[in-house]
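Once you scroll down, you'll see the structures, which are given as structure tokens.
Next, two complexes with chain A in common: one pairs it with chain B, the other with chain C.
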Partner chain A sequence: MVLQPASTEIAARTAAVISELKSLEGPLIPILHGVQEEFGYVPQETLPIIAEALNLSRAEVHGVFTFYHDFRHHPAGRHVLKVCQAEACQSMGSDAIAAQIKQKLGIGFHETSKDGDVTLEPIYCLGLCACAPAAMLDGEVIGRLDADKIDEIAEEIHS
Partner chain B sequence: MSVTIYVPGDSGALSLGAEKVAKAVAKEAAERGVDAKIVRNGSRGLYWLEPMVEVVTDAGRVAYGPVSAKDVASLFDSGFVTGGAHKLSLGDPEKLPFVAKQTRLTFARCGITDPISLEDYEAHGGLVGLRNAVAMAPADIVKQVTESGLRGRGGAGFPTGIKWKTVLDTPGTQKYIVCNADEGDSATFADRMIMEGDPFVLIEGMAIAGLATGATKGYVYIRSEYPHAIAVMEKAVKVARRAGVLGKSVLGASQGFDIEIRSGAGAYVCGEETSLLNSLEGKRGVVRAKPPLPAIQGLFGRPTVINNVISLASVPIVMDKGAQYYKDFGMGRSRGTIPIQIAGNVKHGGLFEVAFGLTLGEIVDEIGGGTATGRPVKAVQVGGPLGAYFPRALFDTPFDYEAFAAKDGLIGHAGITVFDDSADMLKQARFAMEFCAIESCGKCTPCRIGSTRGVETLDKLAQNIEPEKQLALVTDLCNTMKFGSLCALGGFTPYPVMSAINHFPEDFRPAAVAQAAE
Partner chain C sequence: MGLIQEIDFGTPASKSEKQVTLTVDGFEVTVPEGTSIMRASMEAGIAIPKLCATDMVDAFGSCRLCLVEIEGRNGTPSSCTTPVMPGMVVHTQTGRLKDIRKGVMELYISDHPLDCLTCAANGDCELQDMAGAVGLRDVRYGYEGDNHVRAKNNGVENFKWMAKDESNPYFTYDPSKCIVCSRCVRACEEVQGTFALTIEGRGFGSRVSPGAHELFLDSECVSCGACVQACPTATLTEKSVIQIGQPEHSVVTTCAYCGVGCSFKAEMRGDELVRMVPWKDGKANRGHSCVKGRFAYGYATHKERILNPMIRENIADPWREVSWEEALEYTAKEFRRIQYQYGRGAVGGITSSRCTNEETFLVQKLIRQGFGNNNVDTCARVCHSPTGYGLGQTYGTSAGTQDFDSVEDTDVALIIGANPASAHPVFASRLKKRLRAGAKLIVIDPRRTEMVKSAHIEAEHHLALKPGTNVAIVTAMAHVIVTEGLFDEKFIRERCDWSEFQDYAEFVSDPQYSPEAAEKLSGVPAETIRGAARLYATGGNAAIYYGLGVTEHSQGSTTVIGIANLAMLTGNIGRRGVGVNPLRGQNNVQGACDMGSFPHELPGYRHISGDAVREIYDSLWGVKLDDEPGLRIPNMLDAAVDGTFKGIYIQGEDILQSDPDTKHVSAGLAAMECVVVQDLFLNETANYAHVFLPGSTFLEKDGTFTNAERRINRVRKVMAPKNGYADWEVTQKLAQAMGLNWNYQHPSEIMDEVAKTTPSFANVSYEFLEKMGSVQWPCNDKAPEGTPIMHIDGFVRGKGKFIRTEYVATDEKTGPRFPLLLTTGRILSQYNVGAQTRRTENVAWHAEDLLEIHPHDAEVRGLRDGDWVRLQSRAGETTLRATITDKVSPGVVYTTFHHPDTQANVITTDFSDWATNCPEYKVTAVQVGASNGPSEWQKEYTEQAQQSRRIAGQLEAAE
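Up next, the complex of A and B:
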């Protein structure tokens, strides 16, 4: 098995993302989204590459990367489950729903299960406020969460 | 015989199983040899009836809902393709009381048309406003928007026409139209619905803004929590470009205008206009001090119109039917219509567009039908996480910017969250502070640190540690946050906190509760 140095491979993939988006006005956030799409998270070693390409300091890129909740510092689980915890969902018992989900998956918010199946996150509003309580599994929206739907979610996660 | 069947592709409907319904309809139609054309429309906004399937019959559209995939076979058995009766029959959707009582100007097409068909858009009155604008001088477009009385629907209620005039009057080689689609407030989903259900009305509104101010480039900054809205807007922009609505010339005008869709990255504060501009520039979403106004030095320091989705989407009707037509709706200084979003613990949740002036009680009790749980309504939060909690005693407040301000509240983006009597207002007040702490951009000390101190103080109150002192501290802290923060996050977090304390004092007396329990 031939192992390429990770940094070379990461650098090449990062450069490809950058070259595709660099001509945009204000390209940094699209690039960070692109890098995250490429790697599943934003590896630390990509930050200096981005900084150099955009003629920014590493500190500036680090500052932007850490400001936004979306950008991951570590790889997520195979599935990402985001459970809404904002007011409209609160009014329909999102606290209890979140507790059931945590128990079912055996993890808390901002944690990934040991088998790497799922990362659980709180989210503040999915715009499904008339279909509360709501969640999002890998970009697919789920409304009116109840015990049955939590079972279905758990099944899909572990399948 | 071909039949057209509408199955919404709106996120709300999708969250309730619309995708499975659409697949089941396609499968069942194929098996039965029915030539069905399935259109993925937006939602009409009756979320307790979603997924609401509609069939086009000789007698007009007939609705069924809420439909789940397992109902589809029986719908075909009942002959729903010709409007046959079924236990889920709703009849003519336009005659449903929730629909019939509305005045749909901005949302006229939402839920009715195919969102990404420009032909459908035009067949339902689309592009008339833009064509009128193409034939007008920029100053006249601005004048018409100003005279309509349209105010920013994002929450601040600033007159849209005045913003536009400033940009028109500011010289610049490059000007921008930025659409704020960072709809982060809980209880609001009007922006999402219009982007998913009628994206061309937003594109048309932005193009009109471009012609009115001399801006040639537009950005739509959509929150990343709305992947479906982003996808629909991307498709619609491509269609609009191909049709010459966007591009080097707007429908034959000497001026061009193009739009780019940008995704946010999960920061609530980027819904604040200056944070949003920083984010678009690729910076931390930190609030900017004003002045300079974005209209003078906005995106990349250029003159910029930054408007909410609904403000821009309300412009085409103003340019189509005239300022007076729009202005004739509403009350006081709140002119036109407002898409009220009824959410949370409510029986009939959804989007209700109506002229300003309904009372809060009419909205919650009559239109919303009370709580979903059937318990009494305890409180409603109006205007999202930064809006005040209103008790039943204030249900006579009319839906109007000034009337809400007079009661120490705000309309905001017109979202209403209903809570039943199980709500603990101390917990809600604590959440307001906690949310502010999570989402603060960090620029202003009262917001950055005050919010964390607020959480701690309310925790002490909950533990009955010197409660009177804690209440006095929170009140003082709220005052500091209100006047010592640059933007609405720190400045308005006191609204939910203080309204909870003032209107529901019984929830802030843990001592009394503990004694009573003994």
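Up next, the complex of A and C:
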């Protein structure tokens, strides 16, 4: 029975997150953030626990959870690279940039590399249109992407 | 006939009294303030195109089809979300609007299958209608792009496509046809209050999801069908429509399940029922329904239904099918023989709470006029007879004080011993809606029911009492109200007997009735009792809703009196939002009681000993009625065992399964010489019957049902009786066979006789019901249009009467041998003894009775979830499977009584209410232990049942 302790452990850690944030007004999204911070993603089995605690239905929590792309269904890689695909960046060639990045890292959008180094995601506007095409690595924004910058990014990821 | 088309106004009606006048397309229209432009326009007869709006749910403004132009305003606001303003000038059809609408429709259709001709919604599809309405001729975007329609795009798997979900037995979910209007999601939230549906994802990826991307059957869905009704396309469709096709005519009738009494349109194709759709003008349900009413009608055509009369001289013999004449002749002869041989009082009958008022009236008339005694009783004996006694004593009438609409003005709801979410689901939805709007809730129940805590519902106080201690709790609440000075002195002085109040106040003020004392008896913390009492007394309009958890106790009548006292103490009676409301179990149990089904009462609750009352019937029926009350059901059975009661006519009730102490019931039945059962199926009681008269369903006859709010609703025939006769005709033929000169041509003539002889029904007639839709008794010259709320200016009996409520513990006590308390109840998908619902697809949700047991109690007995367990009481034992849950407290176990092979009533004892003999189903001391399978009794019973269901000339009887 190896699985048993794991799921009770998830329940306990989720309960701790909930009790810390439950008193907020509109606590569902903060709790989902808290759970993601705790586990690195939002494990499916935490959703009914959250629903029960907030007196919501499973459906409602599922609806909110799936609405926001930033809530993860699976653990991310050690690094997270988000490449902007919104209008301004598209007009500055972000499609081609994304293709190069995908090739370099060997993964597509919403995928994590086999070695667990990196997760690649599209993002729709970083507010960095003046420096398009733009991306964000682990929360740090990078402007004016080109082949050199992509190499640098890859280097950092694999270092 | 034709199909009844209800107008969809798009958004709910506004309740404002202030009127606003505006102009729509050049026509002036005046509507209440707060009305949407869409609704105002529809009032003026102009239908604005729409997809996401429907008047059962609030406006949403997502489909962008209902846009309008308003003079002096910019843009094209959506008419569903824009409220009317005085003097507003609205245009619903301009060049700009036409272009926008066409463009929107093109987008919808570019991601929608074009299989209209073979689609189940063909002829009933709003998307199709709107394509027509906006003049869609061409889709500029084509159909080749990203879509949810095809499983594969050019041979490549389409991840956006989802397979059809057919898991629900009654409807299908086909995501490829969904336009994501959210009507289903909103219906589930706003109308039903379950919140089982959501929109998952966002943008083009948005999809309707039951639960967390689950199958409908595995999700939180309770299958009420509100989503199916709300869906504008074929995305959510009744399987019956898929199978049969669209209906062509419809008839408004009344549901034959619980005491809510929902109005439905029975939508027909020829004489085949296509679907039941709740009727928006139905005043009890306001367009909503539950899984039973909407979907569970399959029993009417179930293969086990018996369609031919049968007789047998001996219950060990197989049944012999005979003609109606022979069966009725035989019955009449037997009853006459028995009366000749054993005396006039040796026969009796039981009226049915599932049959119509008219049928019930005839059965009691047959007994009083034809049998010449008062040996008539009804199943209310085993459910709400204490309500009749308790409310009769305190208020002067035996019925709920409110209509269901009243809940919309309730600030505090107190639920005692009832689980409306399971047993009265449509009322529960209406109550939940009010709770979400801010009303508070107190629940007194040993179990943590859905009303205590479920999505968006949380009771302020849950008094999880030990079964059997209702009186202690209710009296302790009165103690708090009196000693803390929370009572309404003005109301009591005006409306009640002051000296009786003083006596009651003195009685409850004694510290032995304090919450602290009640805590010791009930296990409910004193502070919780105090909190509940304070909230009930001071929280605004407070209404009490109660069920069989109140009545089915040795002190059932006392609790009802205590409840009546609470409402009088706090002045919560005689206006909207308050009152005392028994939630009646069966569709017409209120009506059966009204129609004189009790051995001591003539129709309208008039005691049989009253000379003036008897005189009315004596002269009309040409007989001399017996002035002595007759036998109650338990007395009939006792007398049968003693050998003095030999024949019984049972219409539509299964006493062997539903009444307590099964062994005693079967012994009583076995001792009789002529047991006549009139029913749809060979029920459990029929195992002991000598004559079986096939019954008709509510779809096959005209009549009326009276629901828990005293509302007399019409039942209309939608198909010919498969058994040949409606139940009232069968009773009439039996009466004729016994030599009575009855000659009713239509149930309306029976109702006329009721109206003529019963003051509270004086103005009721079919013609009047046709005009009014429905009416709540009393309906006479004092209340010409009926009485939605009772006791408005004074109690029916004059002054409200306070009666002392002394707590006396039941004799059914736990001890070392039987340490647990068993209590019983119902589940949403099944109804009563299950004779109907077990013969529908509802078994998908509840295929067997389960024993709920707390983890602590399970652990000390070494039981695991799903184990077979033996359930023993002093009366008997049975076996069933256990489910481990903390919904029940330690020391308490719970089960349902829907399945005959469990026979929960083998366990229940013959203790009963002191005033009315209502059995104490809700408290039985039991022991639970591990078991390997069915008990000896269950095996013998099954054997006997199989033997007794044999029909000569047929292979093994079904079931």
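As a working rule, the second predicted complex is superposed on the first by the 155 of 159 C-alpha atoms of A that agree within 3 Å, B and C clash if a C-alpha of one lies under 4 Å from a C-alpha of the other, contacts with A are read in each partner's own complex, and residues count from 1 in each chain.
FYI, a contact is a pair of C-beta atoms (placed from the backbone, for glycine too) under 8 Å apart; a residue touches a chain by one contact, two chains touch by 3 or more.
Small disclaimer: the values here were computed from a predicted structure and weren't measured.
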item	value
Chain B versus chain C as contact partner of A:59, first or second or both or neither	second
Which of chain B and chain C A:86 touches, first, second, both or neither	first
Which of chain B and chain C A:25 touches, first, second, both or neither	first
Chain B versus chain C as contact partner of A:47, first or second or both or neither	second
When both partners are placed on the shared chain, which of chain B and chain C touches more of chain A	B
First, second, both or neither for A:35, with chain B first and chain C second	neither
Partner chain in contact with A:97 - chain B first, chain C second, else both or neither	neither
Touched partner set for A:131, first chain B, second chain C, both or neither	first
Which superposed partner A:67 touches (first chain B, second chain C, both, neither)	both
Chain C-contacting residues of chain A that also contact chain B	63, 67, 69
Chain C contact footprint on chain A (complex, rising order)	44, 47-48, 51, 55-63, 66-67, 69
Chain B - residues contacting chain A, complex	11-12, 14-16, 47-48, 50, 183-189, 191-192, 224-228, 260, 262-268, 279-286, 300, 341-346, 349-351, 372, 381, 384-385, 415, 417-420, 423, 428, 431, 435, 438-439, 441
Sites on chain C touched by chain A in the complex	194-202, 209-214, 219-220, 453-458
Interface residues, chain A side, partner chain B - complex	24-30, 32-33, 54, 63-64, 67-71, 86-92, 123-132, 134, 136, 139-144
